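What follows is a pair of complexes built around chain A, which joins chain B in one and chain C in the other.
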Partner chain A sequence: MKKLFQIALGIIAAIGGFVDIGELVFDTQAGADFRFQLLWAVPVGVLGIVVFAEMTGRVAAVSGRPVFDVVRMRMGLNVGLITLAASLLINLITLAAEVGGAAIVLQLLFDLNVSTLILLSVVCLVLVVYFVPFGGIERIFGYLGCALLVYVAAAVHLKPNWHEVGQGFVPHLPSSALYAYFVIGVIGAALVPYEVYFYSSGAIEDRWGTADLNLNRANAALGFGLGGILSIALIVVAGEVFFDPHIQPGYLGTTALGAQQAFGEAGLVLALVGMLFAVGGAAVECAFSGAYTLAQFAGWEWGKYRRPRDASRFTMAWLIFFALAFVIVETGVDPVLLTEYAVILSVVALPLTYLPLLLIARDRTFMGDHANGILGNVLGWLYFVIILGVSLAAIPLMLITNGGSV
Partner chain B sequence: MGREGVRASIEQLASISAEGALMAGDLARGRTKTTFVRVHGAELSAQAEHEAEKLSDAPVSAGLQNSVQGAIELSSDIAGAIDDLRVSPHDRKQARVNEVKLRRWAEETRGLAEKL
Partner chain C sequence: MEDKQMDLVYRVLDDQLVDIEGRRCGRVDDLEFDGSLGDPPRLYAILSGSGTWHRRLPRPLRKLGERIFGTGVSGRDVIRVPWEQVEEISSVIRLKAKARDLGLGQGDERDAALVAKLPKS
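For the complex of A and B:
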């Protein structure tokens, strides 16, 4: 019973933690520009992150090695260094976008000076990360991020044409470069690597062993899977509210307006609270992911379960990440624009992390009886092909469509 | 600025106007938060002014002059109506009037874009 309760709590936290600023931006734009036509891309991305996360969790539980340790071991120092540099850069850009997003949401709620709110966001996040235990962090942000479920209620309340919604789940070939760009954006927003680094390192933080493999499967499949419902709801709401009046969402406020259209002020407040904790949680994950990758690559002591002074370089690393993100956002750069770059760059760098992980997870000499089965290998290689294709197309499409604005 | 650039800018103005109309509608019905109207309204009106500046500053061919001039005039109206919302977020009557205006301007601006 206690185990079931633990799984349920983990799943609820994962649902609330699934959506970050990438989904809030890309899913809303996708619904506004193409109504329901891009819905099929959500399950493609979500299944990808489930496959990827389940493998990292399993490798961590069986070997006690987090994903970046595996990358360096399997690919060697040089490729490992390239992967590390790419990951750190993407984590930093994403972290800056999330911090900026948190400040914007606070501004929409309280109408205070944005520079002050950026500082307040960073200070609050640092204090929470420093003083709250790992499980507490997951729950605070995961549970309160569930306020975003208002979009699921809004999607139903707005009474979309369910036949058209259903047709949106049938994949079809891109009709334009813009459509292809948003396919990549929606899939990429679900597959951002920091979530996997965090998930894998979290498995070590929670001291998972082989007895926890079912918990790993449940968390990955149900948590990310049900989290995908939030993405679908964001697209449906945007499709209903913004498609007909030809609104091109370029602000987080526009995303919030969708919930307001359904439920008035209550919907608006729930959406903003959900966004605040979703992007706040993602900011914590990004800062940790950056510190995890650096510490795991360099062989430093790491982990939130250690006291800060016992893992001083790890602690310093995530503090520096927050400080750098603060400087980037204070320059006045648009967090929504940063998000688009972060998602597209993540997609480009994804194969560098995914391939070594796949090779390790299917290796029976390393994983023993817990290596990938037939289904794991088929899905693993299928997704490697998808990820490779998506990563090759991402930059050209971003340039052709001027970042989705044509 | 080429035809595509002008068209994109005018479409952006139509989008801002349509979004302003949604916000005004919610304000008129007491279904929003004052802070949201002030902050998001400021973003939208600044964006409308930015698009007007882009259209005004960029050299365009003679065939596009009329559309550009029409869009610049509309952008000023759109930004002004959204500013009214954020300056007087408790004035529901004004919000109702501005909702109708913003919806009409969104259609007019879209019409300009479609002609290009």
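For the complex of A and C:
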């Protein structure tokens, strides 16, 4: 019973932690520009992250290897260095976007100076990360991020044409470069690599073993899978509220108006609280992911379960990540723009992380009886092909569509 | 492959080093062999540290690699761990001694003094 309760808590935290600024930006813009036509891209991305996360969790539980350990071991130093550099850059841009997003939400809630709120966001996040244990961090942000479920209620309350919503789940070929760009954005927002770096390192932090493989499956399939419902709800709400009046949600706060349309001020506050904890949680994951990747690649001691002085370079790394993100956001760069760059660059770098993981997950030398079965291999390779295609198309489409603004 | 043979690139190179106390203390960044011409080479030591990295980069990038990661000064950016110090090869390379006694994990020790000034460190 206790185990089931733990699993349920983990799933709730994963649902709340699924959405980050990438989903808030791309899903809302997708709904505003194409109503329900891009809904099919959500399950494609969500199934991808489920497959990817399940594999990383299983590899971590069985072989004790987090993602970047596998990258270094399987891809060697040269390709590993390229993957490391790309991952660090993407983590930093994403972290800056999440911190900027948190400051914008705080400004909407408290109407204070943005510059002060950026500092406040960073200081609060650093204090939480430093003083709160790993499990507590996951749960604080995961549970409070569940306030975003207001979008699921709003999607139902706004009474969309369910037939049209259903048709949105039927995949169809891109009708324009802009459409294709948002397909990649919606899929990419679900597949951001920092989530799996964090998930896999978290499995090591929580000392998962083979006894936790069911917990891993449940967290990956139900947590990430049900989290995808939030993405669908964001698109449906944006399709209902922003599509017809041709409103471009270029400002993060616009996303919250969808919930307000359905439930008034209560909806707005719930949406903003959910957004604050969703982006705050994602910021923590990004900072940790940056430090995890660096430490794992170089072989340093790492982990939140260690005392800070016992994993000193790891501690310094996440502190420096927050400091750099603070500097980037304080330059005044638009967090929405940063998010778009982060998601598209993530998509480009994804195969570099995904391939070594797939190779290890199917290798019986390391995984024994827990290596990929037929289903795991078929889904794994299918998604590798999808990821490769998406990564090749991402940059050209970003240039052709001028970052989705044509 | 026979039981007594081991693919060093597959099982040892780039793997995590863990000392006798369970502390992560570097990676197998390179391997050192000794032996004369005509004799079978013998695995002599593990080299750990970013100072070895430039040697593994593509030739045109090696000078740049030296500047970024170090030139390979023994005891500073490269630590030589005698092969006899390897206790076990599993998902990590377990060593028989403490990292400090082998000269590994110096970066963590250096930064520990700074981090120790933080509360509850």
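Basically, the second predicted complex is superposed on the first by the 406 of 406 C-alpha atoms of A that agree within 3 Å, B and C clash if a C-alpha of one lies under 4 Å from a C-alpha of the other, contacts with A are read in each partner's own complex, and residues count from 1 in each chain.
Operating definition for what follows: a contact is a pair of C-beta atoms (placed from the backbone, for glycine too) under 8 Å apart; a residue touches a chain by one contact, two chains touch by 3 or more.
Computed from a predicted model, the values in this text were never measured in an experiment.
When both complexes are superposed on chain A, chain B and chain C sit side by side without a clash. Contacts of A:W300 after superposition on the shared chain: chain C is touched, whereas chain B is not. Legend: residue contacts after superposition of the two complexes on their common chain; A:A96 is shown touching neither chain B nor chain C. In the superposition on chain A, contact of A:A278 is made with neither chain B nor chain C. With both structures placed on the common chain, the touch criterion links A:Q107 to chain B but leaves chain C unconnected. Annotation: apex chain A, arms to chain B and chain C, angle 140° (C-alpha centres, rounded to a multiple of 10).
When both complexes are overlaid on chain A, the residue A:H246 reaches chain B alone and has no touch with chain C.
Put simply, the nearest alpha carbons of chain B and chain C end up 36 Å apart when the two models share chain A.
Those residues of chain A lying in contact with chain B across their complex are 107-111, 241-242, 245-248, 250-251, 253-254, 256-257, 260-261, 264-265, 268-269, 272, 405-406.
The touching residues of chain B, counted against chain A in their complex, run 4, 8, 11-12, 14-15, 18-19, 21-23, 26, 29-36, 38-40, 43-44, 47, 106, 110.
Chain A meets chain C in the complex at residues 63-65, 69, 72-73, 76-78, 80-81, 130-131, 295, 298-302, 307-313, 315-316, 366.
On the chain C side of its complex with chain A, the touching residues are 13-17, 23-27, 29, 48, 50, 53, 56-58, 91-92, 105, 107-112, 114-116, 118, 120-121.
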